[in-house]
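Everything on this sheet refers to the single structure shown next.
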Amino acid sequence: MLSDQQMLRIPGPTPIPPSVQRAMSQPMIGHRDRDTKELLRKIKPKLKPIFGTVQNVEILAGSGTAGLEAAVINTVQPGDEVLVIVTGAFGERFVQICNAYNIITHQIHVSWGDAVTPEKVESYLQSHPSIKAVMATFCETSTGVLNPIQQLAKVIHQSSEALYIVDGVSSIGAIEANMDAWGIDILVTGSQKAFMLPPGLTFIAASSRAWEKIEANDQSRYYFDLRKYHHSSLLDSTPFTPSLTLLYGLEQVIKLLDQEGLANVFGRHDLMMKMMRAAFHNLGIPLLTSEKAASPTVTAIKPNTFQADELRKVLKDTFGLVTAGGQGELKGKIIRIGHMGYCSPTDILQVISSIEIGLKMIGMDITLGKGTQAAQKIFLRSGKH
Amino acid sequence: MLSDQQMLRIPGPTPIPPSVQRAMSQPMIGHRDRDTKELLRKIKPKLKPIFGTVQNVEILAGSGTAGLEAAVINTVQPGDEVLVIVTGAFGERFVQICNAYNIITHQIHVSWGDAVTPEKVESYLQSHPSIKAVMATFCETSTGVLNPIQQLAKVIHQSSEALYIVDGVSSIGAIEANMDAWGIDILVTGSQKAFMLPPGLTFIAASSRAWEKIEANDQSRYYFDLRKYHHSSLLDSTPFTPSLTLLYGLEQVIKLLDQEGLANVFGRHDLMMKMMRAAFHNLGIPLLTSEKAASPTVTAIKPNTFQADELRKVLKDTFGLVTAGGQGELKGKIIRIGHMGYCSPTDILQVISSIEIGLKMIGMDITLGKGTQAAQKIFLRSGKH
Amino acid sequence: MLSDQQMLRIPGPTPIPPSVQRAMSQPMIGHRDRDTKELLRKIKPKLKPIFGTVQNVEILAGSGTAGLEAAVINTVQPGDEVLVIVTGAFGERFVQICNAYNIITHQIHVSWGDAVTPEKVESYLQSHPSIKAVMATFCETSTGVLNPIQQLAKVIHQSSEALYIVDGVSSIGAIEANMDAWGIDILVTGSQKAFMLPPGLTFIAASSRAWEKIEANDQSRYYFDLRKYHHSSLLDSTPFTPSLTLLYGLEQVIKLLDQEGLANVFGRHDLMMKMMRAAFHNLGIPLLTSEKAASPTVTAIKPNTFQADELRKVLKDTFGLVTAGGQGELKGKIIRIGHMGYCSPTDILQVISSIEIGLKMIGMDITLGKGTQAAQKIFLRSGKH
Amino acid sequence: MLSDQQMLRIPGPTPIPPSVQRAMSQPMIGHRDRDTKELLRKIKPKLKPIFGTVQNVEILAGSGTAGLEAAVINTVQPGDEVLVIVTGAFGERFVQICNAYNIITHQIHVSWGDAVTPEKVESYLQSHPSIKAVMATFCETSTGVLNPIQQLAKVIHQSSEALYIVDGVSSIGAIEANMDAWGIDILVTGSQKAFMLPPGLTFIAASSRAWEKIEANDQSRYYFDLRKYHHSSLLDSTPFTPSLTLLYGLEQVIKLLDQEGLANVFGRHDLMMKMMRAAFHNLGIPLLTSEKAASPTVTAIKPNTFQADELRKVLKDTFGLVTAGGQGELKGKIIRIGHMGYCSPTDILQVISSIEIGLKMIGMDITLGKGTQAAQKIFLRSGKH
């Protein structure tokens, strides 16, 4: 195989565009100097439309999980009851965080691969008026499920006073989010997914209603205390040394998103999902999620005629094509393919046509080109050209 | 002034060596893949001698403050009494963290610019047997003070059962640390100082004694829960997505430190400090700290005949030489010059000779070259060549 | 379209592998210092197997044409008669160079898209005993023709005393060359093709027989005087300041070729050609060259049912897929697709499946996936996995 | 010594500014595509003021010597008589090029370290009316001499019809040149000196009078045929594949020069020279050149009390400070220090203060700081701040 070749098609970290890579090579500056302030001033307003909010989007140095924890502990207190919608491994992460903080979790579990229905949440909330917050995962990275975040917002606010906390880690920047219009109270994401950056930053925005809770909350926290970030933001600063390299990259990411146009970025992801699904459908390989529950950023297949990990190995060894396996109960049973950030419809064609070869190599009886053709048809029908 | 020129001589972030910059441009990989495991396997054993320990050094994505908070909340609980040695802004940060967690702080304050004496700590501990942890700052970045960390260890362990928690943020990698031999229980540092990396990583090592406390501690924490890191370390992994870009850089940093030899690295920093101090001494400009309390990584002057910030502005405008001002009570009163990481004795000569010009430019009556000469003499006497 | 995306599939310059890009960022060094000597010592022996020679391969700063000119003027003199085999634009370049130097050219022209036959050359040489050199193009970049260089060597040496000068610009590094075994007297290439580097270097190797001519030749030349390079090579140096950045890159290129293995590199290019051709064949789009005359590095199609440049425009606008048009008499009539250097079979699948879409977009009645399927079958049959 | 540290202070190649290094990492593009045309359109007009001409500045891929050869062979023919002013190794290079082409050279030799006087040239030309071209070196890199190029122009044009060909390799971009106003007919430079780029490009501008000669000249040449470059320039193109990586860097270099302002760039170099000379003068170390003949880009010392190469070795081993030795008859006798391009007055202070230490280390009895002080005084007096 050609050396130095890799197609990283896992659901994060995602490949870094060349211009972002270059931007990240800029020399260090003083993190309390004017240059850093100007950098933040250029970046921060541009994050708002990506989140669909007029609120500041706070930037923390840390993994996405750091952002989730910050979301939880700034708004909820030990002994509070919350409802966690668990549709996969990252829903479970919310539960683990709550458990660590003695927050009482009610849990709605749906099968891995399914999305939750608003009705289920609605009736649960109606019968549990003590719930103070609802936590949901926008795109469940472990399954490729997209939960109906907007519709959930509606039923949550109609049925309760609960805050609505959303993990947007594999979605924000790739999928439209209208935090303010929909009524999301806390929206979190990370840098290494649709933001096309290395891991290391997490982003949090909060509604006015959430900020009131945050201000009033006396839960112990320091590094994750969003009040500190809010206060520093007003001074175009950060409470702790920011991850400058990633901010340099972020400045360029925002330029790229601007050049393409956010609506086009979202459209591209939607198109890639449809191409992906049509291809597997035509190849007769079962998808983990239904049409309705599918995420534009990650597609999982659940083969019933071959070993998922055998195909993954062949793809890596033959093409340098790196995919993700299953987590938790789906370990060894699925293949997850990331298609977010620096990924285009032609990349999807490459992935699919390579997988077709991989399938043959592990002895599957498929028709070569059939998946590719299906994806091509979707592309042509989309009019995205 | 020459465009694109900057001499960043603040006490962090520090300049990135070219080879580290290149290493950080490596493409993303799967953070759960073999490649990441191999990267961690190469890096982690090499961190041990830098900390002077046989324990694992855990790597967290976050600022140095995140590391300090992790150190505190993994070992101490609300209501516990601790002694914080406050010699500047970063000593105060320990207090703030403890306050945020309802940990009861006893505080020994010494004037900013002074180091604490072991005697003071000893007598305090003897009269306060309830103290469960002592927190000290190795190099106090806000003043350039080096506290007597080894001697403190001795008195702490002789006078109490307290854990000894040390903030090594501006020292580890530049100054010798023998965590195990001295008896430090928790030692923390960050990436953007002597480690010559951008901000975004924090490093923590703990003694066996500390690990026992950590295991037993039921303080709520999730992202900062060191048990998770310890457990993942055993599998050559990390509990949360690591900051891959910085790990790439770290691999190269470790090569550079190996090439030079740790003892030489420490010697270089010691030499740079002595050159710095001799220069200012000869120019008749007061140093903030005494000889004994001086840190090899940052030198602060406290001018009494001119405005600190006026000189800083002239240096930046004329030479692109960026220095740091004072923090807190020393705001506007001192100039701090960082000399750690990617910084060499010749860089010190450059800084000093430029400052001499700056002093003249703001009207000071100094003899040009006098500081430089003093520094040169120190260099020659050191035999470091 | 996704910003910052480009698939550069022209027959040079070709994409730079990430690790080569990083290598090229190394800081400048003295070009007369030990470091440069060591760099040359590491690089130069590794070039020999790529050329298939025990001779030194000389490195000149300049475009490929500079190398061709150096080849000609070091071995031939004004008034000498030479035979130039013209199979396209780069054959004509030899003629132009000869014309500029008053070298008398005999020319064998074959239609653009065809290769020359050894018989034609043989009979020509037999009837023109005064010919002192024969110039041929290994891969004719303007058409994608691969001339039968080995067979030509045989007839040239059997029928004449002429030197055999070969332009290997789009072939060396991608196609097997056995300069010594075959009997090539001068072999030239450039950096921006199969060597995966930016343009700016040209490489020349000469046989013992050629070196005799070079030594004896009194044609005026200075920068292109190969004797100077030969002499400097013996001292691990270069006669003029070398293009350091490209040498840094070359060092890494050689590592990549070593890792893959030269035989595998050649096999990969052969496979990519076959995939390409099968795809277009199955789509019913005429190829410019015959099976036998096809180059492993560039494939040209000559559509008769659509405008070549219309498809090229659609591919660039829709996918960022950059292809090359025709030159000279083929301007506007063909599309040339480069597949050399940093290019793999999966990239071919991507190119083909994208072109299928492009064909539909310009109104062609093709079956989507049909070309892709043909390419996939070739891949599977190749056993290169 | 700190690993990864190097101060490259030779008279070329010179250090690359970080932003230029980043610019050079841009991905390849088609060299016949619109993007390359746009790049050339942005770069080429900005080269004119640097040369002081309204003529196009042509860009060739090759070393500086390639440019010198192009200058000679485009304007002069075998058998023509030319006058070469030889003030060092690069004057001799002109002679060698002429010799290679059977051009008859008259030579005015001045001692290495001296500049030529206009009077000498004037009287020579008056007594040799057959001379068709005069070749001079602006800055003689091998000695650090700056020849009186403007005054020479005057006497050449008053005394003859000869073309005036100037090697500006270590001067253009650092020293004011008014090609048109002064009457230079051909002006050549390279990329790796004041242009702050790696080696690999050479630049040539010609006067209208020179273009007439070039057009009419039937000397054999192809790659170096300036007519081809001129013709391509009109189409915003290049006749042969350009060195794209270096053009990317050049675009950024031009931005840096613009930001600083050309007059300031020239002033900075003049100041650095004066600082350098004052320092050595005060240290009692003989300079090779007189005040009047000194170049703003390179300073040579000719020690009479120690071995030049001994000091050079100490500086490299102790500080990573790389200087150049002597060439030709000055081999081992001088030290040349480059101060052009990415070099600032503070870098001069660093070099001088390091050299002072080096002098002590080899046993010289100098007063530390004395050279630095002299340089500082020059800086302060210059008002360049």
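Each chain gets a letter, A, B, C and D, in the order it is written, and its residues are counted from 1.
In this text, a contact is a pair of C-beta atoms (placed from the backbone, for glycine too) under 8 Å apart; a residue touches a chain by one contact, two chains touch by 3 or more.
Per UniProt, the chains are A, B, C, D = Pyridoxal-phosphate-dependent aminotransferase family protein.
Only a predicted model underlies this, so the values are computations on that prediction, with no experimental measurement involved.
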Self-check item: Between B-C and C-D, the pair joined by more C-beta contacts
Solution: C-D
Quiz item: From subunit D, which chain is the farthest off, judged by mean CA positions?
Solution: A
Exercise. Can you spot which option in B-D, A-D or C-D is basically A-B again, with over half of the contact pairs the same by residue number?
Key: C-D
Quiz item: Counting in whole Å, what is the centre-to-centre distance of subunit A and subunit C, each centre being its mean C-alpha position?
Solution: 45
Quiz prompt | subunit C and subunit D, separation of their C-alpha mean positions in angstrom | solution = 35
Practice problem: State, to the nearest whole Å, the distance from the C-alpha centre of subunit B to the C-alpha centre of subunit C. | Solution: 54
Exercise. Mind pulling the residue numbers of subunit D that touch at least two other chains?
Key: 18, 21, 25, 27
Quiz item: For subunit B, which residues count as touching subunit C in their complex?
Solution: 18-19, 21-22, 25-27
Quiz item: Can you name the residues of subunit A that touch subunit B in the complex?
Solution: 6, 8, 10, 12-16, 21, 24-25, 27-33, 60-66, 69, 78, 96-97, 100-102, 190, 192, 198-200, 220-225, 240-246, 322, 324
Quiz item: Touching subunit D in the complex: which residues of subunit B?
Solution: 1-5, 7, 17-20, 255-257, 259-260, 268, 314, 317-321, 342-347, 349-350, 352-354, 356-357, 360-361, 367-370, 372-373, 375-377, 379-380, 385
